[in-house]
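The structure that follows is given in the form of structure tokens.
Order as written gives the chain letters A, B, C, D and E; numbering starts at 1 within each chain.
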């Protein structure tokens, strides 16, 4: 199972319950604004602590209330593309990109810097500070930063929201290659149905908790299109993978 | 032989010029020049109470010396009151003020809208003496609201010499030191407690030079130095 | 104005040493306190805040006196330091540094706390997901983002320690060459009538010292931290 | 501890008045300077910065002296204020307030500047596009966002002014009922042997005063500014 | 003419030249990331000062270098939906929404608060602080805030980027009604071709300045589909307009 999640989260006075398992490949989270998609990603990344339940990714238990497991965010090895970019404002684009890259052993890296710069089209921005980037530029740098940290799974929160059509195509196929060649589990939030249709092996519909309702278990998990359930490993493909070949 | 360590002397701030001159005279005789820390007597006394490693204390008044003696912080038999001072009424040099110091003198009137610069009469020795004198002369009450109490006697002196106050009460030695003020009147010795400066060796002192320096200060040679600066000696 | 006399040099260098050591020594403590006040919630937080502010509120003479009562030769902490690491404060330049440090502390804590409170926690979270542990996150994200406040704290603390007088003369006394820093030398000069010129010279030195520190801090905060990773990309 | 003596009450109330007036009066100036230093670029900015820091760097007695030379009865500014608005400072509580204000100024400016520098200019721009002029933008966006720094500045300034001693006694003298604030009363008490109890009482009052101010500031900054528009929506 | 723009902007070392006129209705700005779309909107809003040229909207000159005209942002009466939301973090959603609303004369308002809350689906968020909003919620509040300030023209920078499909439909038709019933000129940035096709009377392709190139006039203006050029007025439709009817 790529993702095995059953948990309750609290945000403000809201209690949100999630329950789904997803097979290998890319799992799209689809649902109205405010349904709790970002909250879910935060919990998987270790940035929000569930009040109950468990989270496992590709067989690794990241959180389990009953067994008192709660891996620290830095141990989870996720590549999180935030909805709000979160570039480090005091570091140049170069030093943003290298932040996570420097923290993994060279043999674990699966994406070469050259390739990332090329596919994301950010090679000319290296010396710029984040404050001077346009919206789409910042978003692509954020994607690059997350991928270069050589994560074992990806959390992508509307990564293509303000990326233009041409670049979107390139990034989409990059994601497809990561999904297919590296077989990394991916949780992918998007409001764009075409994008989801194209990328997702399964779609999880996240339904909003009734606003103002009393705490209630409400998120109906829908695993549509469940596909092949064979176990996949989180061990990255060897560096000879074409993604790393241009290193 | 290794050169002897200089003793550390704690001295009231108003002794600055004279004590430095005395230390120079002492070192001219081939002794290491004592190190001197000038501050208010109260601050120095509290430092001694806290165990400060000093050798000699020279206070601007007796009560703090009494306090230390009571706490057995002085070397017995080394306390001597060796200097005297006078209390004077001063005005800026250019002032035309004339006033005889006598009971009932019209000091308040002479001040007009100005204030009388004194050291803080609630704690600083020079201020306490001034208060005693003015009380004895029967005009303390008339001066309520007309005082400008300063941090110490030199600050009071400065208030007069800069013209911030038309009159002030300071020690005779202060008036002599400052060219910008003139003495208007001298307070009778009987109008206040005797102004004396006690010196003593501290109980914790182990510096062999210290006693020599103390003896020098209270010797006629040492006293001569202080007289140059206007101190009386006994 | 002419060159400095040997005595003036002595005073200046001593002031530099005292302030420098004071600020360097108190910096980690100040930062720790700022961190606690900015990030933690605990009972008695307002109390701790108040205690940190004390040296600001109390007249320096009282602070000096309290230092005498705590770090004097016979006082508990004084004895402790003397016995364990052979460090005594009374009548020594270390005492002047201690007084300067204590007086600078509240200013440093406040400025640093102010900056720490504005650091975006979401950026720290981002660093964590990129594989940085709490300490690395602290040094690569929190600290750089809090730099303006740390700089302001340093400048305020340094300026305050250069100007510190009351607590120093009360606690460490006014010993030339040992504890007579610039303000104490100025005080001594002020006791002498007709010493305006000398006072002005010494005050000028104080100002010079601080303006240099100020200019240095401006320069430091402007110097960008780039160029470190240039060989990789 | 028992109740306060009438003299203690007098000192306490005077301290309150002096600090309160000092901070209230210097607040706009401090904010203006903070604004200039945070937002403007002009030649001599470092110089202005240095001048603002002066009262921190110079020993307070020197600051007192400089005040005497500037605001004394015969001094230019002193004469100016006396002639134009009949305001004199020498030996009056106004002088104590002036001294406290001058000493508090650098602390207030630094804290406020620090906050102003972190206010997001893009939010100010957003306010402008919504129809708010520069002043309205300032009061509805910039000022509220800079509140933490302004609060910190107020607290630091107030604490500093409550503890101010050297400049006050030099410039305004130590006149009971007129300029004898808490620190000056403490100083007087400290001069006499065996006055520890009295000193402790007075110091306790200082602390109480500041802790109250501190608690008040925490409360104020927590009180949310909501509920104003509730009748519309 | 709705928009009559010919100007040069400087961003960093980049000089960007714009030149186009657009008839009434909605003008879509389409172009790759970093081409200068946001910069253009900033200049029209008065937040970036062109180094040269002029900007006129619906016959009102907002900027003219030669004639030394440079209207202050608050006088331009634009409704700007920023790419990065820019909600006031110290004000509740309620007080964000009312910020501009309070600054216009009641008779100039053309959108009722009730209707805005309803169409944007933000009625339940009024007492929340912006920091607690989800991405899409923040975006909708930002749209509401801009519309409620009763602007005379709209600048919308990817306003629907993270809005879900259902809500998107409602907001799209709201924009259409503003365009058709109130006849407000609208500059609209989007990377979504379907959205642009549906909304735009004309499309302006913004082409990027060559990165690293020396300053050069490069933005080729393309006014595609120029439509009816009759002059329209900026005077808002009367309050009896259906948009305000639910007031």
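Keep in mind that, in the parts below, contacts are C-beta pairs under 8 Å (C-beta built on N, C-alpha and C of every residue); 3 or more make two chains touch, one makes a residue touch a chain.
Not measured: the values here are computed from a predicted model.
Fewest steps needed to get from subunit C to subunit E, stepping only to touching chains, is 2. Listed by label, the chains that touch subunit A and also subunit D are C, E.
Taking the definition of touch as given, a chain qualifies here only if it contacts subunit A and subunit B alike; those chains are C. Note on subunit C versus subunit D: their Cα superposition corresponds to a rotation of 180 degrees, in steps of 5. The leading chain pair by number of C-beta pairs in contact is C-D. Once the centre of each chain is set as its mean CA position, subunit B and subunit E turn out to be 80 Å apart. Our note on geometry: subunit A versus subunit C, Cα centroid distance of 45 Å, whole angstroms. Centre-to-centre separation of subunit A and subunit E, using mean CA positions: 31 Å.
Shown for subunit D are the residues in touch with two or more other chains, namely 61, 166, 187, 190. Each of residues 155 in subunit B touches at least two other chains. Within subunit E, residues 84 each touch two or more of the remaining chains.
Every pair of chains meeting the touch criterion is listed here: A-C, A-E, B-C, B-D, C-D, D-E. Across the complex, subunit C is touched by residues 46, 49-50, 53-54, 56-62, 65, 106-107, 110-111, 113-115, 117-118, 148-149, 152, 155-156, 159-160, 162-166, 182-183, 186-187, 190, 199, 203, 206-207, 209-211, 214-215, 218 of subunit D. Interface of subunit D with subunit E (complex): residues 122-123, 125-133, 136, 140-141, 144-145, 147, 225-226, 228-230, 232-233.
On the side of subunit C, the complex with subunit B involves touching residues 61, 64-65, 68-69, 72-75, 78, 90-91, 169-171, 173-180, 188, 190-194. If you check the complex, the residues on subunit A that touch subunit C are 45-47, 72-74, 76-80, 82, 84, 86, 88-90, 92, 94-95, 97-100, 103-104, 113, 117, 126-127, 145-146, 149. Residue ranges of subunit A in contact with subunit E, taken from their complex: 11-12, 31-34, 37-38, 83-84, 124, 128, 132-137, 139-140, 157-158, 161-168, 191-193, 211-212.
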